[in-house]
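Some structures are shown below for you to check.
The two complexes that follow have subunit A in common; it is paired with subunit B in the first and with subunit C in the second.
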Partner chain A sequence: MKKNKAMIVCFILPCLIALAAVYLYPVVRTVLMSFFAIDSVTADMSGWTFYGLGNYSRIFNSSTYRLAMWNMLRIWLVGGIFTLSFALLFAVILTSGIRFKKFFRAAIYLPNVISAVALATMWIQYIYNSDYGMLNRILGAFGLKGVKWLGTDMKFWAMLGAFIFGAVGYYMLIFISGIERIPQDLFEAATIDGANKVQQFVKITLPLLKGIIKTNITFWSVHTTAFFLWSKMFSPIGTESTTIVPVIYLYDTVFGSQGNAARDAGAGAAVGVTLAVIIVLIYAVMNGLLRDDDLEF
Partner chain B sequence: MKKKFLSLLLVSAMAVTMLAGCGKEAAPAASTPAPAESTPAQEPAESTPAEAPAESTPAEASGDGAADYSGVNLTFWSMWNSNEPQGQVIQEAADAFKEKTGATVNIEWKGRDVKQIILAALEAGEKIDIFEDDYSRISKTYVDFCYDLTDMAKAANYDTVSFKCFNDVATERAGFLPCVTEQPQVGGVFYNKDIFTDCGITSVPTTWDEFLTACQAMVDKGYQPLALDGAYADFTFAYHLDRYLGEEAIKELALNGGWSQNEGVAKAAQDIIDFVKAGYLAENAPDEYPSSQNKIGLTGKVAMVVCANYVCAEVNNNSGTEVNWGMFNYPAVEGGVDPSNAYAGANSLAITSYSENPQAAFDFLLFLTTGEFDQKMANTASQIPADPRNTAPAIMDGTVEALNATENPLSWNMGLGENSDLGAAFGDVIRNLYEGKFETGEEFAAAMDALY
Partner chain C sequence: MAKKEKVVYKEKVNWKKELSLLPGYIIVVVWIGFTAAFLLWIIGASLSTSREIFSGTVLKFESGIHFENYVSAWKSQNVSIFFANSLLYAVVACTGVILISAPAAYVLSRFEFLGNKVMKSGLIVAMSIPSVMIIMPIFSLTTRWNIRGRILLIVLYIFMNVPSTTVYLLNFFATLSKTYEEAAAIDGCPPAKAFWIIMLPLVQPAIVTVTIFNFLGVWNEFFMALIFASSEKMTPVGVGLLQIVNAMKYTGDYGGLFAAVVIVFMPTFLLYIFLSEKIIAGVTGGGIKG
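For the complex of A and B:
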């Protein structure tokens, strides 16, 4: 028994040490940093000055931070509704026994295989471009005036549309796995009882997908909170308020922005902590709202 | 079989897009558009003047041609990649330096991300002798880790082989000379000389009125005067605002507001409103970067763009053309301030304060940034030479004159960036200005004040 304990320790210790070094230490350090005034993210702790809630006060009073949070909220809410709705719709269609199911599933998932940089470039240069973009060509074919899709009014929505296009396939696959888990007997019994497809979806599929929906919403929240690349691609030279999100704000704060070399690692850490808290809150709320342990099948 | 085919298809798609995303462009890498962080890379212009490079570097002049640094190892963190033209010239210079002095320069190609990692490396005391980055960051952010080059520069008469404006600014910020200029940049109006000639414009505009007259002449001939990508709208407007107020006043406004109380703001904005209404912007401008500037090369109908010198190589690379580029300083406005200054920035080289071989490192920096290798860098990467004795390639015509005329270089966005918190919001209001969303200059000023 004693020997076994030693073996257990031997096997677990490397993992624990690695976890503490690459996960716990950065997390604890980031939380600590958020209460100190620090310029450089790697500054020695002896050079830190205690700042209390000063960093939090700074970011909450920053109109740019508030705008970044607002943009993130819109991505989460509007993007979430569209992405998860389309994903669920496609998942239901693809599990309903249609022909060429595998082709459609692969086609919808394909954007996830393509590099996001290439995908964003495609949207910016070939779809949204004012002169030769696909959308304005289509509008032109109907005799309609072209739209400045990447002008200040439309840029956020253009970015969100492109992002949704790339994200739907991922969530669709998760929904498909959830739907395929539901026993077919339930649908057959419902069909015999006279339930149509819509009724089956509302009364059987949806309730039994609660756990999957919760998972998808949590994944989507994490996805949204870490939103960075699309924002960078849609504002490639300098940060723009139409596309700014908290991680971009964090990046500019920690590493300095275009034309301003000032760095504030403490404020950056505060942004990181608030984002982490938001994810935890969303997860807790989802757990409270969508309990998936009341149904067994 | 179907599954295998599908898997193969997906893997191929992934591989192709990864290659497309990570691969090098057919033309050499264009610059990172950030100010003073990089210079576009491009093949040398065919018409590059083949003037002989400066005869000798100061280090050479000070002795028999080279010191003996046998056994010395220098570690150099570069912001370039080894396959970029700049990287190739640096490697060539390092090899030649070894042959000449015996010192080995070990180059670590860090790419543009050097700015994210260099500070941590310096704080950790990593074995670095030389590092490369924007001179603003060197003289502000990394200054505590920079070797004071003042004495060595004086001994080597560095003043005579470099642009004074960069040395002055870096020294003023750091309190000593912290870096050696490697790749200077200058901002202004870059134009297609052929269009100017076709429109009968024989001299470049020096005042806003002359500029408008030139624009009208271009419109009359069927040309579109000014390309503008939204990403550079704030830079373009800030130049105009600078001509009214000067950089210090813009910094003050950026930090504390009060745009509506300053008459110059409304005047500058009104000029732009009138400019847009007159139809002097290129079609669909402000466009998404780099669509509008590319039209200079792609259509041959768009004449000018306000940017830094790397725009020339970018447009040529992107459009596959050789535009006959010229450059002039942004025009003066009536009742404005000193119009002689231009935006100027530089990628520069610094020596770490803890380097064990600072003199050898300094000699290498001069070897690279003056004389033969500087000329080679200018030609290969189509950029302004760091040594004023060298000759700028034809594509950079006018840039050296603009740099020489600049005593107090303007910073990127001429002080708007001073407010790091509102910088992005300023950009959007300014883009609205170019999108024609304001009827009067006062409305624009009020919109700027509303951000505070």
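For the complex of A and C:
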């Protein structure tokens, strides 16, 4: 047993150090930072001055931050509806007895595997390009006028569209695994009783997918709070009001942005804590919802 | 026998059934056709001149195939440096994370000790902590201690993948029978040695799956690299590609840009072509972070 003790300690220690170094210590310090006035992120603790909830009231009074939150909300709601609807649609199609199911499934999931930076570059430089872009060519073939997809009016929706395209596959896989767990005899019995495909979907598939839908909404919400890369790619040099999201706001306030040398690590920490609280709330709400009727089948 | 049955079944196409599935086929084929069309165009553009790209004659290759785009992307746009960095980060981080996570997962799943449960929940909580909550203290600490360069990103990539990897491997160690260690102990093999030479090889399939995911994750990582890669010498492909895009205004080399895009996505794309079944099974089976 003594031998085991030494082994346990040796085996667990590196993992413990990793947890403490990149999770425990940074999280505690970030929470502390959000209550202090700190200019530079590298400032020593002795240079911090207690600020109470000042950072929070400052960010919530900042119109840029409110805009960032509003954009995040739009991404969550509009993007969520489209992504999860497409994902569910594809999941239902792929489990309906279609041929080449494995190939289709792999092809739809593909954008999740390739570098998102490369994917975003392809969308920006090709699909949305106003000179030779794919979308304007398609519009032109129908005799329609091209749209400036990357102009101020359309940029947000262009970004969201590209993001949805990349995200659908992941949620589709989760839906597929949920649908495949539903026993086939339920559908067979319904078919014998004369229910058509739509009725089967509404009366059998949807109710039994409640838990999976909940999981997907949770994942989508957490995914949205971390939204950064696509916004950075669509406004690579200077942050723009059309594409700003909270993580971009945090990045700019902590590390500085073009034409703005003022830095505020305290406010940045407050943004981080706000996002973390949102994630905790999402988990709490989702675990409270639908808890009682978790179906066993 | 089973094979023969399958062949017979395949020959019988139930046209009525296929017809009822037609709307489904159309939707899926349109979506995938769009994906295929633009991937094909990107590859075409990477072999064309900037003028051909702008005049919209990309897939005709009127002036021949321009492999020199790849040479210029690889050499003058620094893609070779970015590529080597990403490869180094991914390979070292994938190895390092297994060396830390596998022993920890084994001990956590096999032995009861004080703090076992706390640690398991800690790992699960850590998996859902957003990276914005950790970057600032890590940045200030590493600046003060003057830790930077490639080693910083490698350590970060290892440590940040420890929670999900450990949680994933935990379940696999839990399914192994205890008789293996008992037999080893009777033969006089110390428990630590039994782990490395008996238990670890038994979870090899799980290690392969989780390593694929870690590789994809590190290769495609962007946020940490943007903050912690302080010079071009240590920049991985994601941030490197962003720099190339930003420099486009001055270089105007669109062929080179698309060649860089292809070079960046090709490694994970090829990996996916060979391992898509395993990757897809891993997404839904293991509860890996997406």
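What we mean here is this: the second predicted complex is superposed on the first by the 273 of 297 C-alpha atoms of A that agree within 3 Å, B and C clash if a C-alpha of one lies under 4 Å from a C-alpha of the other, contacts with A are read in each partner's own complex, and residues count from 1 in each chain.
Throughout what follows, contacts are C-beta pairs under 8 Å (C-beta built on N, C-alpha and C of every residue); 3 or more make two chains touch, one makes a residue touch a chain.
Quick caveat: nothing in here was measured; it's all calculated off a predicted structure.
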Partners on subunit A (subunit B, subunit C) - clash or fit: clash
Winner by number of subunit A residues touched, once subunit B and subunit C are compared: C
First (subunit B), second (subunit C), both or neither touched by A:T64: first
First, second, both or neither for A:L208, with subunit B first and subunit C second: neither
First (subunit B), second (subunit C), both or neither touched by A:P236: both
Partner chain(s) touched by A:I75 [first = subunit B, second = subunit C, both, neither]: neither
First (subunit B), second (subunit C), both or neither touched by A:V113: both
Partner chain(s) touched by A:A162 [first = subunit B, second = subunit C, both, neither]: neither
First, second, both or neither for A:L135, with subunit B first and subunit C second: neither
First, second, both or neither for A:I176, with subunit B first and subunit C second: second
First (subunit B), second (subunit C), both or neither touched by A:A262: first
Identified clashing stretch of subunit B versus subunit C [92-100, 110-118 or 272-280]: 110-118
Residues on subunit A lying within both footprints (that of subunit B and that of subunit C): 41-44, 102, 106, 110, 113-115, 117-119, 124-125, 131, 236-237, 255
Touch list for subunit A against partner subunit B, complex: 40-44, 62-64, 67, 102, 106, 110, 113-115, 117-119, 124-125, 128-131, 148, 150-152, 235-242, 244, 252-253, 255-263
Complex interface listing, subunit B residues touching subunit A: 2, 6, 9-10, 13-14, 17-18, 20-22, 33-35, 115-116, 119-120, 123-124, 134, 136-137, 140-141, 230-232, 234, 283-284, 286-289, 291, 411-413, 416-418, 420-425, 427-428, 431-432, 435, 451
Touching residues (chain side subunit C, partner subunit A) in the complex: 17-18, 20-21, 24-25, 27-28, 31-32, 35-39, 41-42, 45, 53-56, 58, 99-101, 103-104, 106-108, 111, 113, 119, 122-123, 126, 128-140, 143-144, 156, 158-160, 162-163, 166, 190-192, 195, 216, 219-220, 222-223, 226-227, 237-239, 241-242, 245-246, 254, 257-258, 261, 264-265, 268-269, 271-272, 276-277, 279-280, 283-285, 290
Subunit C partner contacts - residues on subunit A that touch it in the complex: 3-4, 7-8, 10-12, 14-16, 18-19, 21-27, 29-30, 33, 41-44, 89-90, 93-94, 96-99, 102, 104-119, 121-122, 124-127, 131-132, 134, 137, 170, 173-174, 176-177, 197, 219, 222-223, 225-226, 228-229, 232-233, 236-237, 247, 250-251, 254-255, 265, 268-269, 271-273, 275-276, 279, 283
